[in-house]
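Quick one: structure below, then a few questions.
Residue numbering begins at 1 within each chain, and the chains themselves are lettered A, B, C, D, E, F, G, H, I, J, K and L in the order written.
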Amino acid sequence: MKILIMNGPNLNMLGRRDPKHYGSQTLAEIYEKLKARFGGIDLEFFQSNHEGGLIDRLHQADGSFDGVVLNAGALTHYSIALRDAIDSVEVPVVEVHLSNIAARESFRNHSVIAPVCRGSISGFGMQSYMLGIQAIIDLTADGEA
Amino acid sequence: MKILIMNGPNLNMLGRRDPKHYGSQTLAEIYEKLKARFGGIDLEFFQSNHEGGLIDRLHQADGSFDGVVLNAGALTHYSIALRDAIDSVEVPVVEVHLSNIAARESFRNHSVIAPVCRGSISGFGMQSYMLGIQAIIDLTADGEA
Amino acid sequence: MKILIMNGPNLNMLGRRDPKHYGSQTLAEIYEKLKARFGGIDLEFFQSNHEGGLIDRLHQADGSFDGVVLNAGALTHYSIALRDAIDSVEVPVVEVHLSNIAARESFRNHSVIAPVCRGSISGFGMQSYMLGIQAIIDLTADGEA
Amino acid sequence: MKILIMNGPNLNMLGRRDPKHYGSQTLAEIYEKLKARFGGIDLEFFQSNHEGGLIDRLHQADGSFDGVVLNAGALTHYSIALRDAIDSVEVPVVEVHLSNIAARESFRNHSVIAPVCRGSISGFGMQSYMLGIQAIIDLTADGEA
Amino acid sequence: MKILIMNGPNLNMLGRRDPKHYGSQTLAEIYEKLKARFGGIDLEFFQSNHEGGLIDRLHQADGSFDGVVLNAGALTHYSIALRDAIDSVEVPVVEVHLSNIAARESFRNHSVIAPVCRGSISGFGMQSYMLGIQAIIDLTADGEA
Amino acid sequence: MKILIMNGPNLNMLGRRDPKHYGSQTLAEIYEKLKARFGGIDLEFFQSNHEGGLIDRLHQADGSFDGVVLNAGALTHYSIALRDAIDSVEVPVVEVHLSNIAARESFRNHSVIAPVCRGSISGFGMQSYMLGIQAIIDLTADGEA
Amino acid sequence: MKILIMNGPNLNMLGRRDPKHYGSQTLAEIYEKLKARFGGIDLEFFQSNHEGGLIDRLHQADGSFDGVVLNAGALTHYSIALRDAIDSVEVPVVEVHLSNIAARESFRNHSVIAPVCRGSISGFGMQSYMLGIQAIIDLTADGEA
Amino acid sequence: MKILIMNGPNLNMLGRRDPKHYGSQTLAEIYEKLKARFGGIDLEFFQSNHEGGLIDRLHQADGSFDGVVLNAGALTHYSIALRDAIDSVEVPVVEVHLSNIAARESFRNHSVIAPVCRGSISGFGMQSYMLGIQAIIDLTADGEA
Amino acid sequence: MKILIMNGPNLNMLGRRDPKHYGSQTLAEIYEKLKARFGGIDLEFFQSNHEGGLIDRLHQADGSFDGVVLNAGALTHYSIALRDAIDSVEVPVVEVHLSNIAARESFRNHSVIAPVCRGSISGFGMQSYMLGIQAIIDLTADGEA
Amino acid sequence: MKILIMNGPNLNMLGRRDPKHYGSQTLAEIYEKLKARFGGIDLEFFQSNHEGGLIDRLHQADGSFDGVVLNAGALTHYSIALRDAIDSVEVPVVEVHLSNIAARESFRNHSVIAPVCRGSISGFGMQSYMLGIQAIIDLTADGEA
Amino acid sequence: MKILIMNGPNLNMLGRRDPKHYGSQTLAEIYEKLKARFGGIDLEFFQSNHEGGLIDRLHQADGSFDGVVLNAGALTHYSIALRDAIDSVEVPVVEVHLSNIAARESFRNHSVIAPVCRGSISGFGMQSYMLGIQAIIDLTADGEA
Amino acid sequence: MKILIMNGPNLNMLGRRDPKHYGSQTLAEIYEKLKARFGGIDLEFFQSNHEGGLIDRLHQADGSFDGVVLNAGALTHYSIALRDAIDSVEVPVVEVHLSNIAARESFRNHSVIAPVCRGSISGFGMQSYMLGIQAIIDLTADGEA
């Protein structure tokens, strides 16, 4: 089983940025914890601050992964191009967010990618990623992914 | 560990209603699967079509449960009273939805309860409940719940 | 043939309330006139000020009535839960209103239940109920109900 | 008793157009059925694709009919001129629609003529006309028309 | 003189909930203070988390009370059914709020019941109730209630 | 000097319709008074309930009149075609209204033709026409028309 | 006969400001022309850049003038206080504008004072004042002012 | 104890203006009644039609009064400058209105000053002032003012 | 091959009207150029300032033309009746505009007929018609028309 | 003659993605057909999923091409940067879309680049590109490009 | 060189008011610092809580100053009269704000005066004034002021 | 002292593009003038048409510059990702614009990055950059940067 963990703009700054919303762990530390928890799963990681880079990577992932866990960062709220990229691939994409985006500024309440994702998980900090991976494992087990 | 699974209006009709959005399982069948998967957890179930009934139950749950998994059904979209009830208790509440509410009618895209929930999970069918329970278990393990 | 006449919040106050919009007849007087006019039809009546009570009753009605004539009162304008209840049953529901809701305050111009009702009738006073019953009779005769 | 049945733009195309919304009967076939059902009533029919033509006809109808059953077609949604025409005559006008306009595109949800009509009936297919005629008969019997 | 003090959803949680907005007194403590201050007035108290329960109680109050002081809680912002209930009774209803609802989240800035209340008082904490009672006393003295 | 007085939909019903907004004079009576007051001016009159008829007439008027006084009735609020017709001719068009359209329903507050008219006059009853004619006389005298 | 000509903020700058919208005449020159044209009328003039000053003057004018011609300048678009002042006096107030406010920036399209004025005239340059005075003369002659 | 009663634009016209909304008493009569009722309180009165005058007075009041009862009239709805003035002083300001502003035109439903006032009271006619004074007395007694 | 070129309101004024947006050619000159370019195609031309006239013509065209090139003029922006007429016929309709409607007033940016046209072409002046004809030729060649 | 065909995000996925909206041809197949049809024209092709890449390419194209046919994909709806890039070059840019964007989700109805393009063509599938090339050829022939 | 520093409502309260947004310096202290820094410039200062007072002063300033640095306070957000005053003078006006108005309440995000100012500077505390003066000096040096 | 001057999309086209809004200088010429004026400051320059490239550069700048002067071009209006990048770094960022963005198209009036910048300067042409650099120098001198 092979899952791609994709992170969008500014998530490389995790741990340097507002801990109230994002916690104090770095992205590398989160990656380590995910690998520790999901030992039997082949996890691959990708982060980019470029909308186009994320789209390119998602296109390439199609056919070679069982699922994608995507934290699109701020692109969540306006990147219709990323939305169309998710819509153009067959691999199931699960949307995750560290913070509870419904509890923040109004411009963060709306996700333009949610309607084309398999499902959405937000507000559990690092555990949002874990739940996202779990979701893909379960969906695959059910033959629904 | 004790978790309350709350379901709002019309979820008693599951299995009788639009399978495209909600699947063909009844609520009782879902309850059985949850109990089977989380054998070591004390799960309690509650369903009501009454906003006031859900609020009463949530008030009572405070102090006697480690977490609440709440599918508020249509109340999700307008019940500020339910929102305030969630806000008035200390037990962490996780919002779940069977369907991907972002992909449906525009009046279902907005959740008035999301900002006061611990986190939100939607779109994974019955697995949304499983992920919600898992989230509470993990939060408790981390001492964050 | 069996038809359920359901009335929502405050319709128990008919005759005590603003006669300009609702006329001076009580609900009991209207019930009598409906029974007089539709002698051969088995009419049952239900009124509640509780959204949840109306939903419960509608769920129970499914399978045992040929149609429901529903005046949802103020719930017409915001109860998505009632909307979903109508959507969850197979019995055809006809929306009726005593007053012409399009001619009143702007918040009364929109019905959230109309899209899932079989049809809507408003503005004819007590005759709105008569036309609603007639509609169900005709639909049944046509095998469309 | 004399009732005018008025039909607005494109209703001459009934039976040629989207049967999902409008059924497969032609306007002529509907007229025949109405005459069959309401044998004792003098029914007159008028259809025009011209807003001005409908207004002219409505002005002329004032004083010579007991009621008007009006399906204004798409003019329902923007013709303030037709609204004012209805408001300028004393003959009661009943608004009817074949389809449930609340269940269609958002621009069809709003009727600019409804506030000045005696009442509105929508969603019952051809029976919307029958109910409209019945409404006028009853109103006249009650001396309310 | 007889006045009914009605409280809506979640006000039974007073003292347990956000003290910044609602203070640290329980509803029972507030009731005691009101009775102490208005010794000569027959005060009755009612709290419910059910919209329908509040409507039922208000209907019953009509004719047997000189006034109602109503803190409708979150229902203030969306319960058109409660608004119609207030409109359907003759007893004057005074709207009160503990917090200054204009200074909170935008969805709390609007009251759907205010237009049919005799007047509104908000932002004075427990004293909002006292001022509400005083208002009814004064209106009655003036023969305006 | 030659001025065309144009009237749109339903103005042929003047005197039969709501006297609160439009007064009790018929259009013919108004025409007589205008001719009496402006003896030396060649006044021509045109009324139509057809948007297209008004546009055709306006096109023809170009080059043969010194000015047009236009009461577009309800078309004022939505007929972009009429707006473009005014914009397509060189003859100056003065917009007039019997009633004060700013004091009526919100959908009557906006005029889509006003931006392309020479000026606007509303709220003076029949005198709006007189002022409109006066405006054209003065503009012509100043060589501004 | 006595008429007050009131001018609001920045109209003292006429002739110094954008001639495209306001012409090149000064306010003093306009006053002279008005006096020349309406020789038999007692015209008084008032200009202020202060909202409060205009309100004070209007209050004083009540009872001592037959009419007021008011160009409220930018206050037209937001001064509800000026609106209430007009509403609080019995002397008829006619709204005038030099430019066609419907043809300018969108924030100038709406007049908050129009609904309480006797009528409105805009777009005729200096002649808007002349038509406003004429309107008051005619209204007085008709006993309508 | 010293309380300042401030009144904004057009309140000097009370008794001359629409009695349906504002009653038939003059401001002077109201002042007399307030003095009669609150004999032991040093009441001072100020009315101005000038936004700037009200702001100046409020600045001066800071430090020399125990509270301010403010009826800002129409400025309630748009004067952010007055709002900032209230925010810039330490003396508690209580907002009052004679009429129920929620029951009037939509532009009167919103108060821009409410969020920075200590509390708001509206709809009780002259008694709104009495309740406002009582509120300040009580707050002071509680040491909360 | 037979194609109908339909033009809506005011297009008969081409060449007399704003050359910045519409060029200086008359409609007749454009017709000549189209005939010259598409020698082998049977082109028919129709222009009307009447919404109803355009609808009538479109109904008649169904079945006797291979395609329609429609410049609906101002009706583009509000004629839902014309939209429904296009929707009611089988002949493919191509929407064309001389000017770039996206670059003009905001009320011209939206086309209510576009969703039911086969495709849209705007901004190329007279060549918009040529491209529209070409589109129909190509679609027919592909068997897609 | 030299024309650049530019394609934005996800158009490299053509043929793999929703055939209902985009057809089943790949971008390479479309390129072949364009070259076949326009043998005498020097066509160059560019596709990128990067907004910045498209802007860079467009800047470079200025001065070396006679025209650009641009399908901006999802960037059409929000990339003001791309809009400004089009505005910053002299080469004429023609906007094309495979699908009829007016007939899809509301967020696809608006094009932020349309106002600065030479013209727009949408809804003709692959032929939209052909018509776009034709438009540039014709404009160049007319000396208008 | 002569520059006028104008301050609007409530800026006389600086140092007494919310230091988080406005700092703890008084207006007098700021004036001293500005004089110290720009020794060679003739600086004049004006503060008023009256919209009309600011307009009067600005009119007088025209012709006698090289530039105006204006902090309009709350009037920034609604005073179209002040906007027109700026537009009516030739002296360049630079808008300054102590706080970052984009980071505060939404009603402070929009400036109605910005479009007619020479430029805007906000968020630098007292230094916003310094930068405003510097801007005028530089513009004058360039002959652009 | 070290300051980074960042420029977003299309600013490399300066001097080639609309001189009315942006002047006729190239970016290189502006850089030369900035270096000439601020001789003692270490200025570094960066321009990119890629949102991701700007974010990457800003992340790198953190810790090695005393301030950033950012002209984000069109990204100003929609790039929440750039906003978050600014929020994620400690180096103070000053927003600058050549043109007065409040005076242009409505979609340019709003800046999504302004709320997280240290301050904003717009409308002074090339001098906006100079004032931005000056702001950082002053802030640093005050120990506020």
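For the reader, a short list of remarks on this structure follows.
One rule holds for everything that comes next: contacts are C-beta pairs under 8 Å (C-beta built on N, C-alpha and C of every residue); 3 or more make two chains touch, one makes a residue touch a chain.
It should be emphasised that the depicted structure is a prediction, and the values quoted were computed from it without experimental measurement.
The minimal number of chain-to-chain contact steps leading from chain J to chain K is 2.
Note on interfaces I-J and J-L: more C-beta pairs are in contact across I-J. Distance between chain A and chain I, defined via averaged C-alpha coordinates, is recorded as 47 Å.
If you average the Cα atoms of chain D and of chain H, the two centres end up 54 Å apart.
Shared contact sites, meaning residues of chain I that touch two or more other chains, fall at 50-53, 78. Chain pairs that touch one another: A-B, A-J, A-L, B-C, B-E, C-D, C-E, D-F, D-I, E-H, F-G, F-I, G-H, G-K, H-K, I-J, J-L, K-L.
Residue ranges of chain J in contact with chain I, taken from their complex: 100, 102-103, 109-111, 114-125, 127-128, 130-131, 134-135, 138-139, 142, 144. By the touch criterion given at the top, residues 8-10, 12-13, 16-18, 48-53, 73-75, 77-78, 107-108 of chain H touch chain G in their complex.
Against chain A, in their complex, chain L makes its touches with residues 50-53, 55-56, 59, 78-81, 83-85, 87-89, 112.
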